[in-house]
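As structure tokens, here come the structures.
You will see two complexes here that share chain A, one where it goes with chain B and one where it goes with chain C.
Up next, the complex of A and B:
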């Protein structure tokens, strides 16, 4: 890409980002705001790509735009069904003046921050340079994966607990809000053969893509988080088309998948603790296989909570055979 | 295979409750949950004994370089006297509150399959905060504590609890984002995140970073002016949850304020000491006055937490070893007394079905005798009357203020103590009133407080009283590794 072209491209990208962000804040229609938010996430992913941060770009596209967008749409459809039954509970989205106030304050705060940030000298050395220097000892060739699964593996492990707790938090709210409501997504029988054919084509492609992202994490942009988010997209698709139905309780295999990442990661850590005295200090020859094993477990344990959050149910079930056509 | 030493226990006290939470996901029954909790208590208790022995023996902090990577590349776990004080407090309060929950939860229809994983994850997060030596790791473990605590509030059921829980969530998430922004600034400037290796000098960017981190933690700690979420959340939660929220969860964020301002960026403290101390003073007065005005028992106790957290910030303007010891003692004794008070309030609600003070005149006898004893003992410690840990803490703080010639702070301590006495005596006067017949003593009434609920409250209350006698040796342990700006030594 020539320099002039990249200036034009980046300039257009920045303008588009600002316009879309303004649309998210100022549109009076909630549905439009959600769609614009998803568009914003996709543009942001391109911006991260332009900033040479492909990991962040993948995460932004898969989680920021994809899964978050799906969650927002799920919440929207629920709001619509509440409004239909009880018209006085209109979601208030037409508070433009307050939005303008918040947008102006946020812009001011951002300007102040940027002013300070521009004057901060970068450190000559630090954890980043050390990570690059020690990459050979980790068994993986990709810096970000090494940080996530070796140098700062403890943080990654605990992030899995955060995901698990998000599911349990949603369940606690479900228990409190026990009002019965119709499932917002149509069941399988209401779709034509086009959808069935499309799901049949997409599902294996998604699985292969997730597997690729998982595998490639050892040498390039990818890894468990991106793979898990892509796998979750498959779950969302199956849930939307009635291949998966909400269940009032989670079966034990589902609970095992929820905690598989935590179990495998913790047991590897405890094994190294009892064998060598240091938590998650992989023996050099074992580093790569152990990291891969952990990443596989993490992928499924990242995907299932996201699907459950989208589904808004404690568990999932496949429809009974007599419902199928 | 080797026997875990103190350094290994530092890891295990985080992973025992975490794996217990995982096991509780897989085996959601009540029996399994109870055994997992007992096992967690036994194992982490053993770990804390091992850590305490090493600390007293060596006189210096215990550390563990996770993954075998030294800082700043890896994450270090770190435990000194302050960590041990908070870890022991966590152990005692979580154990007693778990005992209380054994009887409280089935009686109040709390879903065991949801409660147990959240409860054990919260225990894990608290231990992880108190041994963390890394700014970003703190963000992660504070998120775990928030995401465990918020559903534990909602689990009480009903719209009011849900609203309180969601408001708590919004404040805590906003706090977390602001904290993260501050941490990003520190990393951008220094390229490292370890709390004990950073050398932060006063410059605009770092002052901004410290301000952001402090604001974020204040939202999580419910320090004035970010306290509005606390009274509804802590008063609507189930009793054992209220106890751990007020005694431990908010204190985890205050603990971090103490650690960061005294170890990580002590050179930035100059002007900030007065701002932080001033906010503490406002919290002490504002919280106490509002506690005096409440018409429901649990809200009195919740506003009391707002007030008592303010004391912890006085360490910054007073800045001496006495003040440091006073604040550590205050954190521990307030934790025990407040947890005991909340459990006792839960017992009263268990019998009455409400917590309006108006309907509580003269209920102190009969089935509530033990509970009333626990409540009164806790109140004594919260007011700072002898003999109690609360008295010892306030005495140390007052001494520190007088030695520094800081008459203003000394006067504040006395006024706040009087206000605490006022709002607590008001409650006690209502409960102990003799002018109306005890509504619970009516013939034919066979309502009683389960043994576990009465004795768990009493254990915590007795604990806060016993602190007065065990103060000397405990302070020796808790002062190990005190920060240089408190001990007055210039350091190497």
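Up next, the complex of A and C:
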């Protein structure tokens, strides 16, 4: 009975995912497509939960649906003056032929993938089995955290570099020497006192949640990624309600936070290298404190870049006291 | 058929839909959406296959997907910055190859 119920649930979830994915592609209105994409991310978070991947579910809900959605909506508000597409000048037959070709490619991709996927044999033993077997050496009791910060720490280190590159790339692309553009989120008279009070109540709770997620990562679903994403969501909230304002340059503390993850991670790696080991191979007694130190640095270094990317400004500043309501 | 296989087939379907969206939509934000969905389909495949052995859940694909999600949001943010700049400079939201911007 339970099994039949879970089959029905999985079936409905899969159907919903495919329908929402199709809506993202086929809806003619860009705004609808973005909203559908956010819905898609949330449905996907449920699917991760069903697949016994609570870490991924947390990250998908916070980053995949939340932060990506906020970034998309911010970009949309910038592009909102785009006029409707002009009518096609090309003959309809060519358009149809092109779309038939695209549809054929898509169907081919699906068929080839499905055919291969149904035949992949289950692995006898892989990296995962090894990782679970050697969990004791890492000082953390959670497999995913151990893989992220110990067994495959190098991946995570380079990922921080990618995030930093994205921030500086976006800054280089967006900041021109023309006069500053008006902020897409005007705060004057937009928010009543209720919103300000609500944010005041929510902000400390969000910080506590982020701290909990960071701490619990050592033995349960959570960790630096999820904690950083939750902090970033707080930053987006503060930015939207005017508690944080865009600044023309980032202050020294902000720059330090941006690179903290990369620097702490690299320093730990170099320290283990010079202590006679291999790069990022922590000595067993030190493994847990080192992992925790790196995770704290990663959390802030994931949160701030995401906030800056949303804000679209090189830095952030708190408004002058007289501006505050 | 087991649940992981069902989700793997779902991943293949989403991938196919996203390929169509990537090819047929000239608007660059729509293409970014489609690219993101292709990425999510790959993540779904990885996580579904991590569950094939019902006894243990393989943590390595989960960690790869977590890394992938952060990389995807970085790349999307950079792509959106490029689209905004393109629109600011030229007033277009598609590339010049696509004749209906």
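FYI, the second predicted complex is superposed on the first by the 289 of 325 C-alpha atoms of A that agree within 3 Å, B and C clash if a C-alpha of one lies under 4 Å from a C-alpha of the other, contacts with A are read in each partner's own complex, and residues count from 1 in each chain.
We take it that a contact is a pair of C-beta atoms (placed from the backbone, for glycine too) under 8 Å apart; a residue touches a chain by one contact, two chains touch by 3 or more.
These numbers were taken from a predicted model, which means no experiment stands behind them.
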Problem - First (chain B), second (chain C), both or neither touched by A:14 - result: second
Exercise for the section: Check whether A:120 is in contact with chain B, with chain C, with both or with neither, and answer first, second, both or neither. Expected result: both
Practice task
Considering only the touch criterion stated at the top, classify A:131 as touching first (chain B), second (chain C), both, or neither.
Solution key: both
Exercise for the section: Report the partner of chain A that touches more of its residues: chain B or chain C. Expected result: C
Exercise for the section: Have a look at where A:46 lands relative to chain B and chain C in the superposition and call it first, second, both or neither. Expected result: neither
Exercise for the section: Determine, under the contact definition given at the top, whether A:275 touches first (chain B), second (chain C), both, or neither. Expected result: first
Practice task
Check the residue A:306 against both partner chains and state whether it touches chain B (first), chain C (second), both, or neither.
Solution key: second
Practice task
Would you sort A:152 into first (chain B), second (chain C), both or neither based on which partner it touches?
Solution key: both
Practice task
Tell me which partner A:102 touches in the superposition: chain B (first), chain C (second), both or neither.
Solution key: second
Exercise for the section: Examine A:203 and indicate which partner it touches, taking first as chain B and second as chain C; both and neither are also allowed. Expected result: neither
Exercise for the section: State which residues of chain A lie in both footprints, the one left by chain B and the one left by chain C. Expected result: 113, 117, 120, 122-123, 126-129, 131, 151-152, 155, 159, 162, 165-166, 169, 173, 176
Practice task
Enumerate the contact residues on chain A facing chain B in the complex.
Solution key: 113, 116-117, 119-123, 125-131, 134, 150-155, 158-159, 161-162, 164-166, 168-169, 171-173, 175-177, 252, 255-256, 258-259, 262-263, 266, 269-270, 273-282
Completion exercise
The residues of chain A that touch chain C in their complex are 6-7, 10-11, 14, 17-18, 21-22, 24-25, 30, 33-34, 37, 40-41, 44, 47-48, 50-53, 55-56, 59-60, 63-64, 67-68, 71-72, 74-76, 78-79, 82, 85-86, 88-90, 98-99, 102-103, 105-107, 109-110, 113-114, 117-118, 120, 122-123, 126-129, 131-132, 143-144, 146-148, 151-152, 155-156, 159, 162-163, 165-166, 169-170, 173-174, 176, 223, 225, 302, 305-306, 309-310, 312
Handout entry: Of all residues in chain B, those that touch chain A in their complex
Key = 1-2, 4-5, 7-8, 11-12, 15, 18-19, 21-22, 25-26, 28, 64-69, 72-75, 111, 114, 117-118, 121, 124-125, 128, 136-137, 140-141, 143-144, 147-148, 150-152, 154-155, 157-159, 161-162, 165, 181, 185, 187-193, 204-205, 208
Handout entry: chain A-touching residues of chain C, taken from the complex the two chains share
Key = 3-21, 23-25, 27, 29-30, 32-34, 36-37, 40, 43-45, 47-53, 56-67, 69-78, 80-85, 87-88, 93, 99-100
